[in-house]
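Down below is the structure, laid out as structure tokens.
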Amino acid sequence: MSGEVIGVWIGAILTLGIFSFLYKDNPFYKFSEALFVGISAGYWFVVTFWQYFVPKFWDNLALAYSELLTKGRVDYHWIYLLGGFFGVLMLLRLVPKIGWLSRWSLAFIVGTTAGLQFTRYLESNGIRQVVGTIKPLLVSGNMNATIGNIIIVVGTFCGLIYFFFSKEHKGAFGGAARVGIWFIMITFGAFFGYTVMSRMSLLIGRMDYLFGIWLGLY
Amino acid sequence: MSKRENVTKARAGKSVTLDLSFLFLIFLALFLLFGQSILAEEVPTAQEEIAIPKDSVLPVPPTNVIAKDIPNDKGGAITISWERSADDGGGAKNVTGYEILRSTKRDEGYEHIGNVPPGATSFSDNVTKDKVLYFYKIRAISPTGTSESEPSAPAFSKRQWFDFSRLSLFILSLIIGFAIFYFIEKAKSEKGLFIRKIAGLEAVDDAVGRATEMGRKIIFIPGIMDMDSMQTIAGVTILGRVAKLAAEYEAKLEVPVSKSLVMVTCREVVKEAYLNAGRPDAYNDDMVYYLTDDQFAYAAALDGIFLRDRPAAVFLQGQFYAEALILAETANSVGAIQIAGTAMPTQLPFFVAACDYTLIGEELFAASAYLSKDPKLLGSLKGQDVGKFIFLLAILIGVVFLTLNSVLGLNLPDLRELFKGI
Amino acid sequence: MNETTNQEKKTFWEKLLSIDRRIIFLFIAVAISVPLFFKTSLDMPVSPVVQEVYNAIDKLRAGSKVLVSFDYDPSSMPELQPMAESFFRQCFRKNLKVIIMGLWPQGPLQANIALEQVFKDEDIKAKNLQYGIDYVNLGFTAGNEVVIDRMGHDFRESYPADSRGTPLSEIPLMKGVRNYDNIDLILNLSAGYPGTMEWVQYAVDVFHVKLAAGNTAVQAPSMYPYIQTGQLAGVLGGMKGGAEYEIAIKNPAKAVSYMFSQAIAHAVICFFIIIGNIAFFSLRKKKTS
Amino acid sequence: MRREVPLVLTAIVGITMIIAHFIPPLNILKNLFEDWFFIIAAFAIYLGILNLILINGDKIYKKQKGWPFGVVVILGFLVITVIGIFFSGGKSFQDPGTPFYYIYMNLYYPLSATMFALLAFFVASASYRAFRARNVEASMLLGAAFILMLGRVPIGYWVSAGLGHALAYAADWIMDFPQTAGQRAIMIGIALGVVSSALRVILGLERAYSAGE
């Protein structure tokens, strides 16, 4: 048996192991699950090692070090040591007495994210979508576009009203909020339909693996 | 327990918010219009097109060569664009590529700096000295010979200290930022900001109480993303409130997480909550534990936990992906009360369908403020509403203008133009 | 008499509602598997959003540069791999230059698998495409949206070399490509984060480049607002989108052949929802009466 | 020190990132912060893995229920890690032909893809048991889902053939208009939520992440 054939057999058996959960929780599933947890932890360890740790930290320091050796000058790449320092602080979490130091690294992460997302969301999900909603409610000679525009404007407008927090949903305001939630529900319906589609496609892929690739039935 | 002890209604009548918002909007419009004029940088004028009769041997030279500084960068680069030779894709169809030539003088000293294949109409010169004038020519190459375009107008690269293409975004950031800041400050001094009821949050007490009665666990899942997600942060804040209640009711709380940073944070938050509830003895680190980073391994492990422990209440608050459905379905099948909240539109339908209560999108962010009852956080919600108000007003005015233009043939300004730059 | 039938009916609906979920699982397994054994090719219309993707590529002139980002892993292969193959087919048949990259570690690998398939086509084999001239694989770089952002200034900030370690300056295809200004179209195949939304936010909104995308069906609805504003040219949604696209490029392949299973599965789900609701309402009626 | 440093750090980094969006020369700082971010993120993942090992090691040591599965977890982790770090050609560890690639394709991929595929079954069960037209809102959700599920596959195309394939076009129409409108409202709301949360974090009001002693 070639390595490839053995591989397909292993894959197929593990596939059945996971599927066996559908019948009930059992040792075969627990084994597959445990293997999955272990392998995925290892997988991410290896990936972060080669694709984050080495290129972003190690390579930069190696560069700084070689600059020091060959040219005898202190290169700015040494500053990556500070990044590594924050990283190590993170691991200190496991040392009870000084575990609180890991919060410094966390603060750094949170600050970076907050800063990046502030402008990005405001622009792409805020302003751009507002601009996209500004449409004429009448497009002469084009009934479809007219209706479409009206729906987009009304739906977005009312949907936004639903999200007002500082005003009670009463009267006309409440009515608009209600229309808004209808639009939001239609959106959820669309997501539901598409998600069903997606999941079925993935199962088709698995079944194709079992019947076509493993068993070769068709 | 009254949920809204501190959240009393604001004075009715004329809303200060509205006045302020109008002011903001006027400022916004002025700033933006002002910004547009700054934005309108002079564009190097195109060379006059010189009609060259089609040569039977040489390819028709490219035309309309335009060189300009790549705007709003840190300098050191110029972009060149041109129109293809008529023999590229048309005519004799024999152009095999273009060479890009550069010189600091208009008529001589051109050096070859790069090649592009046929069909290309642009090139970036990445090695320019800032504030030096360069001229560019494009040379069309064909098996029968080459021909050069007229030189471009001179261009120079420069470093910009402010990215003017983002001016309108900058101003809007300031306005919304200021609005939020303003209401936070205002909330500090002025009591009683009204915040509407959020159904899912009203049910938190019941869920925790039920768990206590049944003697079963409460499981809190703060999503599968790391602390760099705003949704996780919101979820963790909600956890703080749930943990405090759990401590008061003496219910068993468990927080299995998928990111170690989240674990660290959740431990701190839960510990503090127990401390505040006067039950530091009831807390131990094992209440918050890490399973795995991998999405499906995590979901599978949680599934196991749900089936084995049959929790009374499950909180799903944070950023979720495909595992949302597995979690909600399984928890539903063991009869747990579920309160979910996420800003992931793709997962919301499943929460809406399978959970008892769901916080939709922005409500998740509001929840952390609402639950904390911290007037400053509530103030920021009010600020958010101002942002929404500005957006709504912009939509309203913009739509009315465009519709009037369309119906009555007027010529009112198109608000969309204000944001064209960004 | 009346009393007893009521009793019976009630138990029937209740039974139906509390049916063992494994029976439902079995239905799904059968609905998906059985149609796989029938090799059918169904006809279907090409929806406008798919046509837009096709047009965006079709409009490009020979020699234009297309950047394709592979942002998925094998878990989403059934949905995205057919699209990847069709993308390559359309691009190569139009003689476009293809630059491949990935924001997911496994993405560029998926590209290689797709390329291998596409190079088996007679007409594409005949073109004798050269690595480095007609297409190039830059590989994966860690950094999610930050990679997109930096590429907007200079590709070299994120990719000093391609996946084979050749510096970009030595690759003929990459000459004159500094950033998105020199790219005619970006195609993105994505299964989550980072993916199309990040490409819209960081590449389209900041650097104004044209973008078309293929997404898992889960993601596809989120993209419609972007299509409507023009931030995104079009989107292929899930396996169905892939199938329509295969029809658009007149090369029906895997996705089309899976459509039968897909259709039956949807019908079964709809059937379940209907039964569930009938049971629910019958029970509720009973309760109120 | 314990409370102040994190708050100050967050504020400085957050504000720098925002300002750098408008001031190109600050890009250098922004890039550096981003690189650090990924270094810290790598360590964060290591922390998580260390935790996993500790938990399972503890389970084995104390011979808790199901401890043999703890052995499977640790063995699985060790095998793939050792192979990936030492025996798979360094940075090109993911190339076809390496042992790491083999494990990836034949163990990791089937396991994770099957986990994904389980969703198909759960979706079916959830649709049956949870999707009810309880009220107007839920009915709209269901109605839209129905039209899309049928309209987006060839069945809907045939079924409504007599009506000019109305179902298929209705599906497109829902996606283009009402769906887009609802989606957009959610997006704008989320944008403001993120902006406000980010600001709260930077101003040190939302300090969950730096909670504790």
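Each chain carries a letter (A, B, C and D) given by its place in the written order, and its residues are counted from 1.
Note that a residue touches a chain if its C-beta (ideal position, glycine included) is under 8 Å from a C-beta of that chain, and two chains touch if they have at least 3 such contacts.
Small disclaimer: the values here were computed from a predicted structure and weren't measured.
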item: Best-connected chain pair, where connection means C-beta pairs in contact; value: A-D
item: Separation of subunit A from subunit C, taking each centre as the mean of its C-alpha atoms, in whole Å; value: 16
item: Approximate Å spacing (C-alpha centroids) for the pair subunit A, subunit D; value: 3
item: Geometric centre distance via CA averages, subunit C-subunit B, whole Å; value: 23
item: Residues within subunit A bordering two or more other chains; value: 18, 21-22, 30, 33, 36-37, 40-41, 43-44, 52, 56, 90, 93, 103, 106, 109-110, 112-114, 116-119, 122-126, 128-133, 152-153, 156, 160, 163, 184-185, 187-192, 194-197, 200, 202-203, 205
item: Sites on subunit C at which at least two other chains make contact; value: 21, 25, 28-29, 32, 75-77, 105, 142, 153, 205, 218, 221-222, 225, 228, 237, 240, 262, 265-266, 269
item: Residues of subunit B whose C-beta touches two or more other chains; value: 73-74, 169, 173, 176, 226-228, 230, 233, 260-261, 264-265, 268, 291-294, 296-297, 300, 322, 325, 345-346, 349-350, 352-353, 360-362, 366, 381, 384, 387-388, 391, 422
item: Topology of the chain contact graph, where touching chains are joined (line, ring, star, complete, other); value: complete
item: Residue ranges of subunit D in contact with subunit C within the complex; value: 27, 31, 34, 38, 94, 96, 104-105, 109, 112-113, 115-116, 120-121, 123-125, 127-129, 131-133, 142, 145-146, 149-150, 152-155, 157, 165, 168, 172, 175-176, 179-180, 183-184, 187
item: List of subunit D residues in touch with subunit A within their complex; value: 2, 5-7, 9-18, 21, 32-52, 54, 66, 69-70, 72-81, 84-85, 90-91, 93, 100, 102-121, 123, 127, 131, 136-138, 140-149, 152-153, 174-192, 194-195, 197-199, 201-202, 209-210, 212-213
item: Residues of subunit B defined as touching subunit C within the complex; value: 70, 73-74, 77, 79, 89, 100, 114-120, 122-124, 126, 321-322, 333, 345-346, 422
item: For the subunit C and subunit D complex, residues of the former touching the latter; value: 17, 19, 21, 24-25, 27-29, 32, 42-45, 47-49, 73-77, 105-106, 109, 112, 142-143, 146, 150, 153, 157, 221-222, 224-225, 228, 237, 240, 259-260, 262-270, 272-273, 275-277, 280-281
item: Contact footprint of subunit B on subunit A as seen in their complex; value: 18, 21, 25, 30, 33, 36-37, 40-41, 43-44, 90, 93, 99, 102-103, 106, 109-110, 112-114, 117-119, 122-123, 126-128, 130-131, 133-140, 153, 156-157, 160-161, 163-169, 184-185, 187-189, 191-192, 195
